[in-house]
Amino acid sequence: MMAAVAARELADGEVVFVGIGLPNLACNLARRTHAPNLVLIYESGAVGATPSRLPVSIGDPALVTGSLMVCGMADVFQLFLQNGRIEVGFLGGAQVDRHGNINTTVIGDYKRPKVRLPGSGGAAEIAIHAQRILIVAKLSPRAFPERVDFVTSPGQRVKRVITDKAVLEPDDKGELMLAALYPGIEAADVKAAVGWNLRARARLDRLDPPTATELQLLREVLDPKRLYLKS
Amino acid sequence: MMAAVAARELADGEVVFVGIGLPNLACNLARRTHAPNLVLIYESGAVGATPSRLPVSIGDPALVTGSLMVCGMADVFQLFLQNGRIEVGFLGGAQVDRHGNINTTVIGDYKRPKVRLPGSGGAAEIAIHAQRILIVAKLSPRAFPERVDFVTSPGQRVKRVITDKAVLEPDDKGELMLAALYPGIEAADVKAAVGWNLRARARLDRLDPPTATELQLLREVLDPKRLYLKS
Amino acid sequence: MSLRDAVARNVRDGDVVVIEGFTHLISFAAGHEIIRQRRRDLTLCRLTPDLIYDQMIAAGCAKKLVFSWAGNPGVGSLHAFRRAVEGRTLEIEEYSHFGMVARFAAGAARLPFWTLRDYAGTDLPKANPRIKSVTCPYTGEALATVPALNPDVTIVHAQRADAQGNAQIWGLLGVQKEAAFASERVIVVVEELVDERVIRSDPNRTLIPAAIVSAVVVEPWGAHPSYAQGYYDRDNDFYVGWEEISRDRAELAHYLDEFVYGVQDRAEYMEKQPRLLERLKAGEQRCAGVNYGF
Amino acid sequence: MSLRDAVARNVRDGDVVVIEGFTHLISFAAGHEIIRQRRRDLTLCRLTPDLIYDQMIAAGCAKKLVFSWAGNPGVGSLHAFRRAVEGRTLEIEEYSHFGMVARFAAGAARLPFWTLRDYAGTDLPKANPRIKSVTCPYTGEALATVPALNPDVTIVHAQRADAQGNAQIWGLLGVQKEAAFASERVIVVVEELVDERVIRSDPNRTLIPAAIVSAVVVEPWGAHPSYAQGYYDRDNDFYVGWEEISRDRAELAHYLDEFVYGVQDRAEYMEKQPRLLERLKAGEQRCAGVNYGF
C-alpha cells in the first residue's frame, strides 16, 4: 500500500532522486503504470537506470548496466542536486517530527548517543535541494515525536509523509496535518500513533487500495522475494 | 637552436605543461634524446600524448589519439595545475620585461589598445602554479622592454628565458641577467637587443650548438615541413 | 528538430550565448544559423572565441564578448575581433582560462562564485573588476574569486546522442559539461543520432543527460572547420586561410555572403565544401572495450 | 609490487588513510593488509565506512573516523562502529555526503575550503564546528564551507591499469578521482594489469594518471565482498551475514582471526572463499566502441 501510494505521487517525466527499498519500488511501479518517462537518479551516480533485478543497495551494479549516464558523486551533488535539477526526493528516517524534520543521526544526545544511526548520507542536501520531498515511514509514537533528537534533514520542502496508515501533509506553517486515510483506518488510529497532538484537515481524503495491476506488479514483478514488501 | 636549448632544460620523468610551437618541439626532442619519460600535459586536457604528427594546435586530435588520459579543463586547472603537479611550464609572449613578467594581452593601454593580443589563455595560472617557468622568445628591444604594458603572467617563477641569441636567468631579486651565450654571439649583441640595461653574470656560459642528432631529429623527424623551425 | 527551429526557439536577441568546445566539436553550424537569423545584442561567452565568434562579431550579432583567449589557434589573430576591440565597438570582459572554467563550474553548481588560487601579480583584476577575492574561513588567507556564469543558452556539438538528447562525447571535453549544466537552455547538435541502446551500453561516456537538453539536432559535419574525434579532422587549411579572409572587411563580408547568408542550411554549406571526405575523414582507431556486466 | 610492500611503504601509524569506492571497488584487500600489519592511530576517512572500516575499527587500527554515512548498505548497522561510538572509544567527525565530496574536491584542487549550499536548518554544524560559512563577494549571501581533506594515503581499487599506474575505472566512480588527487600518496590496486596500449586506446576512460600514483598492485578479486563492474558481483550474502558477525565481539574477532590474521595474503583469503566464481562472476555486457581516429 505504501509503495502504491508513493508511486501515485510521481508525475510522468519527473526527475526523481531515489533511495533503496520502498522508494525504489514506488518509482519502478510508477514507471510501469502512469509515469513511463520518470528519470531515476541514484546518489551513487547512476542516471536513468532500468535495473534488471531488484537492487539491494543504491550502489548495486544492476543500476549501472544499461543506465543512461553514470557520473561521479561531485557531479551528483553539484550538477544535479545543488543545481536544482531534482524535482522529487524520497527520504525516510528513524524519527520524523511535527514539522517534517527527519533524524537519521542519533537517538539521544549527539555526544552520548543511546543509539547511533548511520548519519546523513545525502539526506541533508536532498532535503534542502529537491523541489519536493516525499517522506516514507511507518507510524509509531517513537518514530513521530514532537521534536526529533537531531535534525539531519530539515522539513521545509516536505510535501507528503506517506505512512502505513495515512498520508500527512504540512499546513501553511509547515506543521504536519492528517490529510488522507488508508482503507479501514480511522483518524483516531493515526492520532494514537503520533507523538504530538496531530491535527486533521477539515476534509480528509480516503485513499484507494492498490489496484489489481499495482499489486500484481509489486508482488510478482518488482519484489517477488518480498525483500521490501511486508505490508 | 632555441628548441635544442629548451629541450636540454628538461629532466627525465618531469611533468611538463606544453604549448604549441617551439615548446612542443623541445619536449618531443627531449623525449627522443635524454628524457624518454617526460610526461606532456596540454591545456586542452591531453595527458601523456605521443602525437603521430606535429600538432598544429594544442587541441589537435593527434594529441588525443593514443594519449594516456584525456580530462576536462576543470581537471586540468584544478587537479593538475593548481594542485601543483606541473613541474615545468613553457610560456612565450609579445613582451617580456626586466623581471620576467610576460604580456600577451595588449600593446598600449588596456582600454585603448594599440594592438589587441589574444590574452591570457592559461598563461596567468601556468606562471603562478608551475614549479619552474621557461620562457621562449626572440630578442628585440620591443619584445624585451623595461616594463611590460600589461602583466598577463607574473615573473616570480621564471627560471630561464631562452631566446634566439642567449639565455637569461633571474638573479636573487628576480631581475633577468645574461647567463649564457649561443655560439658566435657576444654579450654586446644581446644587450643591444634588450630594452633595459641588461646586466651579465660574472661568468657567462657558452652553449653548445645543437648536436647532429638533435638537428636531424628536429629537421627530419619532428618538423620536416619547418612549421616552427625557422632559425 | 531542424537547427533552424532549434535556434529560432532557443536563441533570442539580447541573450547570453555560449557555443563551447575547446578546438574540438565547435558548432559552426549553430553559429552560422544564428548569423542567418540575424540575432542581435548577444553576449557571446567562450574561452577561445575562435573563427566562429569572429564571424558572429563581423556579422553584427555581438554586443559583448566574455573570453580568455582570442586568437586563431596555431595561426594568428581573429581580425574581426581585433578591429572591434581596437575600434572600441565591442564590449569585452576578460578572464584567464582558469577563470572562465571556474565561472562555468560555479554556474553549473549554481553557486554565485568560485574560488581559485590565481591572479596574484597579474594585471587581470585591474582590467576586470569582477575578479574579486574571498577570505578562507579556516586559514585566513585571501583567494581569488570569479562570479558564476549562467548563460541563457549553451550549444554543444557531440559525437552522438539518442533521440532524447543523452549525449556522448570523447576526445577533448573542454568545459562543455559545465557550460551545459550552467545554462537555462541547451541545444545539442550531433554527428549521429543513435539508438538509446548504444548510449545505455556505455553510460560512463554520457556527458550531457537528456534531462537538461532543450533540443537535439542531427547535423553531420556540423563542427567543420573544427573537428569531431573519430569522425573528421580539423580543416587546418581553412584556419590558415581565415587569416587572409578576416584581415579584410570586404573579403570577410564576401565569405559570409557566400557560405552563411548564401546558403539555406548546413546541407547547402556542405555542398560548397569540395573533397572534404577525402581530405578530412577520420581513420579508424577503435578503443578497447569494457564489460559492464555483473 | 606486492600489496604487503605497498602498504608497508605507504601506510604509517598515525596516518590519515582513505580507502574510497562507493559500494563499488572497495579495496578490502588493502584494508585486510593494514589490519595484518597492525597499523595504529589511523584517522580513517570515507563517505560510507562500510564493512571494511568496521573491521579496521574492530581490529584497533582507528583512532578517529571521518564519514557521512555509517551503515551496512541495504542491510543494517555497522556494529563495531556503533559499539565504538556508543561506548565513546572512537573519535568521530561527521559530515553529509556532499560535505565529504566537497572536502575531497577542495583537497584535490589544493584549496583550503570548498563552498556549498547546504546545512541550513540541520543540526550538523552544531555537531561539527568545522562546518563554517563564507560570504559571497558578489551577492553578499552566506554559504556553507567545509575544510579541504588531504589524506596521507589514498587506496583505490580499479578495474585495470598499466604498469606505470594509469588506472581506468568504469561503473560507479564515487569520489575516487578527487580522493586520489587530494592525497600525498596513492596506492592503486587493480583487477588486471594491461598493456599501456589498452589504456592509450581509450584515454577518456583513465581516471587516475600514473603521475600521482605511488604504487601499483595487482590483486584480482581484491574488492570482494564489494564488487568490480564487469568482473564480479557484490557478495550480498556476506553483507547480510555481517549483521550477525559484527553484532557479537567474539564472532567478529573470530572472523578476523580466520580471514585476516589467519591468512598471509589475498591469495590465501581467496582459497577460503568457496564457489565465488560460479556465484559472482560477471556476465558479459560489452560497451559499444568508439573511434579515436582523426
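Points worth noting:
The letters A, B, C and D name the chains in turn, as written, and every chain counts its residues from 1.
To be clear about the criterion, a residue touches a chain if its C-beta (ideal position, glycine included) is under 8 Å from a C-beta of that chain, and two chains touch if they have at least 3 such contacts.
Just so it is clear, the structure is predicted and the values come from calculations on it, not from any experiment.
When every chain is reduced to the mean of its CA atoms, the largest separation from chain D belongs to B. Of the two chain pairs examined here, A-C and A-D, it is A-D that is joined by more C-beta pairs in contact. Inter-chain centre distance (chain B to chain D, centres taken as mean C-alpha positions): 40 Å. With centres set at the average Cα position, the gap from chain A to chain B is 58 Å. With each centre defined as the average position of its C-alpha atoms, the distance from chain A to chain D rounds to 28 Å. Of all residues in chain B, those touching 2 or more other chains are 46, 61, 64-66, 70, 78, 82, listed in ascending order.
Residue numbers of chain C whose C-beta contacts span two or more other chains: 110-111, 116-117, 170-171, 173, 177, 201, 204, 227, 229, 233-234, 282, 285, 292-294. Pairs of chains that satisfy the touch definition comprise A-C, A-D, B-C, B-D, C-D. Listed in rising order, the residues of chain A touching chain D in the complex are 20, 43-46, 56-61, 64-66, 70-74, 77-78, 81-82, 101, 105, 110, 112-125, 127-129, 150-156. Of all the residues in chain A, the ones that touch chain C in their complex are 15, 39, 46-48, 61-62, 64-70, 75, 78-79, 82-85. Of all residues in chain D, only 110-117, 130, 132-139, 141, 143, 145, 147, 159, 168, 170-171, 173, 194, 198, 201-202, 204-205, 227, 229-234, 282-294 touch chain C in the complex they form. Note for the complex: chain D touches chain B at residues 108-111, 166, 177, 181, 196, 199-201, 203-204, 206, 209-212, 292-294.
Those residues of chain D whose C-beta lies close enough to touch chain A in the complex are 22-24, 47-48, 67-71, 73-74, 77, 81-82, 85-86, 88, 94-99, 101-102, 104-105, 116-124, 126-127, 170-175, 177-178, 227, 229, 233-234, 236, 239, 282, 285.
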